[in-house]
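Inspection log for the structure reproduced underneath, given as structure tokens.
Should a chain be cited, it is by its letter among A, B, C and D, assigned in written order, with residues numbered from 1 in that chain.
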Amino acid sequence: MLRVAVLGAGRIGRIHAANVASSREARLVAVADPSGEAARELAARLSCEAAFDSLAVIERDDVDAVVIGTPTDTHVPLMLHAVRRGKAVLCEKPIDLDLAKADAAVEEIERLGGRVMIAFNRRFDPAARALRDAIDAGEIGEIRQVLITSRDPGLPPSGYLRHSGGIFRDMTIHDFDMARWLLGEEPVEVTATASRLVDAGLAEIGDFDTVMVQMRTASGRQCHINGCREAVYGYDQRFEIFGSAGMLLNENVRATTVRRWTRTQTDAQEPLLNFFLERYADAYRLELQAFLDAVQGGAPMPVTPRDGRQALRLADCALESALTGRAIKV
Amino acid sequence: MLRVAVLGAGRIGRIHAANVASSREARLVAVADPSGEAARELAARLSCEAAFDSLAVIERDDVDAVVIGTPTDTHVPLMLHAVRRGKAVLCEKPIDLDLAKADAAVEEIERLGGRVMIAFNRRFDPAARALRDAIDAGEIGEIRQVLITSRDPGLPPSGYLRHSGGIFRDMTIHDFDMARWLLGEEPVEVTATASRLVDAGLAEIGDFDTVMVQMRTASGRQCHINGCREAVYGYDQRFEIFGSAGMLLNENVRATTVRRWTRTQTDAQEPLLNFFLERYADAYRLELQAFLDAVQGGAPMPVTPRDGRQALRLADCALESALTGRAIKV
Amino acid sequence: MLRVAVLGAGRIGRIHAANVASSREARLVAVADPSGEAARELAARLSCEAAFDSLAVIERDDVDAVVIGTPTDTHVPLMLHAVRRGKAVLCEKPIDLDLAKADAAVEEIERLGGRVMIAFNRRFDPAARALRDAIDAGEIGEIRQVLITSRDPGLPPSGYLRHSGGIFRDMTIHDFDMARWLLGEEPVEVTATASRLVDAGLAEIGDFDTVMVQMRTASGRQCHINGCREAVYGYDQRFEIFGSAGMLLNENVRATTVRRWTRTQTDAQEPLLNFFLERYADAYRLELQAFLDAVQGGAPMPVTPRDGRQALRLADCALESALTGRAIKV
Amino acid sequence: MLRVAVLGAGRIGRIHAANVASSREARLVAVADPSGEAARELAARLSCEAAFDSLAVIERDDVDAVVIGTPTDTHVPLMLHAVRRGKAVLCEKPIDLDLAKADAAVEEIERLGGRVMIAFNRRFDPAARALRDAIDAGEIGEIRQVLITSRDPGLPPSGYLRHSGGIFRDMTIHDFDMARWLLGEEPVEVTATASRLVDAGLAEIGDFDTVMVQMRTASGRQCHINGCREAVYGYDQRFEIFGSAGMLLNENVRATTVRRWTRTQTDAQEPLLNFFLERYADAYRLELQAFLDAVQGGAPMPVTPRDGRQALRLADCALESALTGRAIKV
């Protein structure tokens, strides 16, 4: 039974904490948040201790592992603190918004032999898993093209956007990770274009809301990603993997399989699951499971700090390409 | 080049006439209708002769075959007149609303060796053909259950209904024919239930608007038919054939493959093709083709008068069952 | 926190016991099964007590409610024993295979004011719930026709079949309950046909494997049910509800939304969830939740013994109709 | 009744000739092909004259319009010859493989006031038309992203490839035209990547088989195109148009709406229509109709030589981008 503390009692920390609390293999020891109130409320609901100071919680003897769901700029110090105390870490993406700092952290973790997993939860979505399994089973032969559609239901609050690191590092970073994972090869070149079609006011903070990215690997495999901060029909998450022997599609997920026929629509499906907490609820749970399994079984981490660094690097390349109009070598 | 006359210049006669006119294997000689104006207008459009008297047209030496699309009560006399003059006949369903008269006509046609095809056009719909071919190829093994959904977009005018022979003989008769054709065995027992859920006023003419029929064959194959005179979402025509090795479904047909996603609907398909003239346009054309092929090649008629009689018999059984609440042996 | 015991440690008892164990509102006190081993194994896994004697468990002071998942012929005595001790009951269907005994039990429970819910779990399936909600919201106007498809993946073992009460009482009974629930009116007439198309050997025990049922309500609403003990493509569970203002369909559920395109198939969906334990896992969980809510909140039971009795009555009518070839008044 | 000659009796010429022959508004006067045999055979089948010399046919007094379906390098001289004789022209794409020559031809045609339509037939596909109509009706608000998938069932013969002008000018050129037409704005920047994943031997002729293209317009609208010379599951032609108020998808077209369920696949659809002659049969017919309507009604040509030139320019930009790894300004 692994003893786990969750750092951060915000939206994402609450998900992780609930998953730890209901896991048969872990015990939720404490949740920590500088906002004592958020921590206390969450701890009360999940019957664990509440804490204020994340560093102190990391140091507790009765904590074997920590899940980091704090603001991005605290990821690196908390991760390194935990690694130095020999604690296993599941850390939210991105490692850091600054590639140099991320690189330094990854190297330090590797030097110390730290047990760290980066929380690219979408790899653990059952449908994504089914895609990867079908590819591995050779169902579609050699991969030629990967297409990723990734549109959010609506713009986040401007306060969030201001510290998000920009659409590529905040939102598309998930797609960069999935692209690497599905392509089975590293992208060597990135071209991106970025527009402000939802909110022209984003120019103020130098951000964009609508993007397209094109990448290729050394062997010539190709990848397209499209993203938008707003899709009126809901949270749109689709994959298409085209290979020499076939194609795999992953359609959107809905609450039920009911279909409606009326005077104005025929065969309309249920609305999309509205956002990532609902759409990827299973993925968050299975991600934690994979983390616990790796920690307890001693197997390599399924998503490494280097994976986190690489996705960030692709995001940086995309931003540079969008700003300069040039194709960027990774 | 078969020389063909079309009898009847109404809705269905116009379809047949246009198909004859554009066929490479037939020449449209004349269209006949007691309403001289309807005949003249149609003939002018299709560059053929207009006539008033169907019997006279049948007798013309330059007419090899006739298509009968006149009111139901004229079907038998016109068919017999044509058969006695050695003309091939494609006759609209039903043969007659009265089973005894239909029986007598079928026997007379068979005695005379008449070349008559009954126009159950749905057998020639490409999707129905694909179903039949897949069954014949053994794709789903032995048939166990056939389900037919058959709903019209809206109630016909009351003038039509008054002379239609009732929903079973007028509308469901197509489904009885398809049931026989898809089951591959004769139904031996029919149970039906009939309601007035669209227009209670149909009680006045003893008709119904919403029906369900259940049938079984001697070997135990089962068939369900549902029908309704009104479906607000359009003309609903579906088949399901369930067998020991699989299942075949035939979905509705739409004008295009476009799908719509908006704030209020996701993945909604195009509206259904609105009614039988649009939905079965190909079937009418291929039906005529099959008729011409049979006449010119000397092969047996693909749909015989006996088929027409049998569908009528099932319709009568269904009506009797609905009125008496008893299962009826065919 | 309701203290619950589960009676029966077979396939269905294990589901209920696991759901009780993981519920936040209930505590699993004990599982009882005449096979001590089955009870011990399940109890060990779920950290509760194991028992041999169900009656004794019912009588325990620390048991507030019992879930009955024992063989059918014990349902009535266990239910009544529990009711007489003032315990709340969630009892698997059917109440009994004999309608007279079921009737007597229902009357006794009602006389005693017993708190009993019959486990028609499908009403709690999220898709079924969405159908019912859409109907209640008036989305499809007045209901005209309900179609239910209910096919199992394969024949159960002959030992099971011998004591199952026959396909109508064992398998179709779920569909009878759903028909009542979805129609919103009581069926007043039942016609059924039953065949042996999967295994002719079922004649030996007087059972069937392929059935169709047709029902109507007093106002003329119609219902069709089809069932088969074997569908090679998997566990097929679909609903269609056709009304004056539209139609609702409930498609099958799959493990993921992945679709496959290869040389031999295009746009093929994932296999169906194989059988009821997988397909209705959520429904079992939500059913227990509804039971706990009703018991603790004092609200009426969402599915009553009288509902259980009524489904059994329809099953009996269907069997009688299939055997006699007559329509049966309920 | 427009008198039309078809130049070229190859695959595409035969399509156009058959459509002219069966049109009610045109009369097929002659078909011309340097291979006298091909012309004679086609002419015999369609009951018109056969000719050897296209220039002579253009000059005939009884020819009002010509359809040019000859090898690409003859397009410009034949078009100009026809324009100078005052004949209307429907010319296959591309105008020429050389942009400078195409530019010169377009300018000459415009100077002469020539009536020339370039045969981008896909704009006339009913589904494409429905997309355009829905966009025009404001159904999806302002366009943000257009995605085009365009994969052929298999590599053409190497003889064809050698003179095709390369994948961008031969195959993707259709998609460039559709992109312009659907975006409603001119692309101002093109980035492309091209690989040889089907046949490495294409390096010999400097061609590619798998491509991705990314474009943006001045206002920031984005477009992605993917193409491949081989898709084992068939001819894959899809569009996705994402806008501020919704999304439109255009799925592939199939022969029928039948779906198959077996032990190994569930809900598999019919195979795709295998290649462009089948998939775009309606589009070819409607394209000719649009040409005839424009010629006879005096309206502007629905697809102009300048459209043809612009698509070629985008193809050239894509090739340059793929070869240099740079984004190209149009």
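Going forward, a residue touches a chain if its C-beta (ideal position, glycine included) is under 8 Å from a C-beta of that chain, and two chains touch if they have at least 3 such contacts.
Just so it is clear, the model here is predicted, and its values are computed rather than measured.
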item	value
Result of counting contacting C-beta pairs for B-D and A-D, higher pair	A-D
Most distant chain from chain B by Cα centroid	A
Cα-centroid distance, chain B relative to chain D, in whole angstrom	40
Whole-Å separation of chain centres (CA-atom averages), chain A against chain B	58
Contacts with two or more other chains, residues of chain C listed in rising order	232-233, 245-247, 252, 260-263, 267, 270
Touching residues (chain side chain D, partner chain A) in the complex	142, 144-145, 147, 149, 151, 189, 191, 193, 195-198, 210-212, 214, 216, 220-222, 224, 226, 228, 230-233, 236, 242, 244-247, 325-327
Residues of chain C touching chain A in the complex	22, 126-127, 130-131, 134, 139-140, 245-253, 255-263, 267, 270
Footprint of chain B on chain A - complex, ascending	232-234, 252, 254, 260-263, 265-272
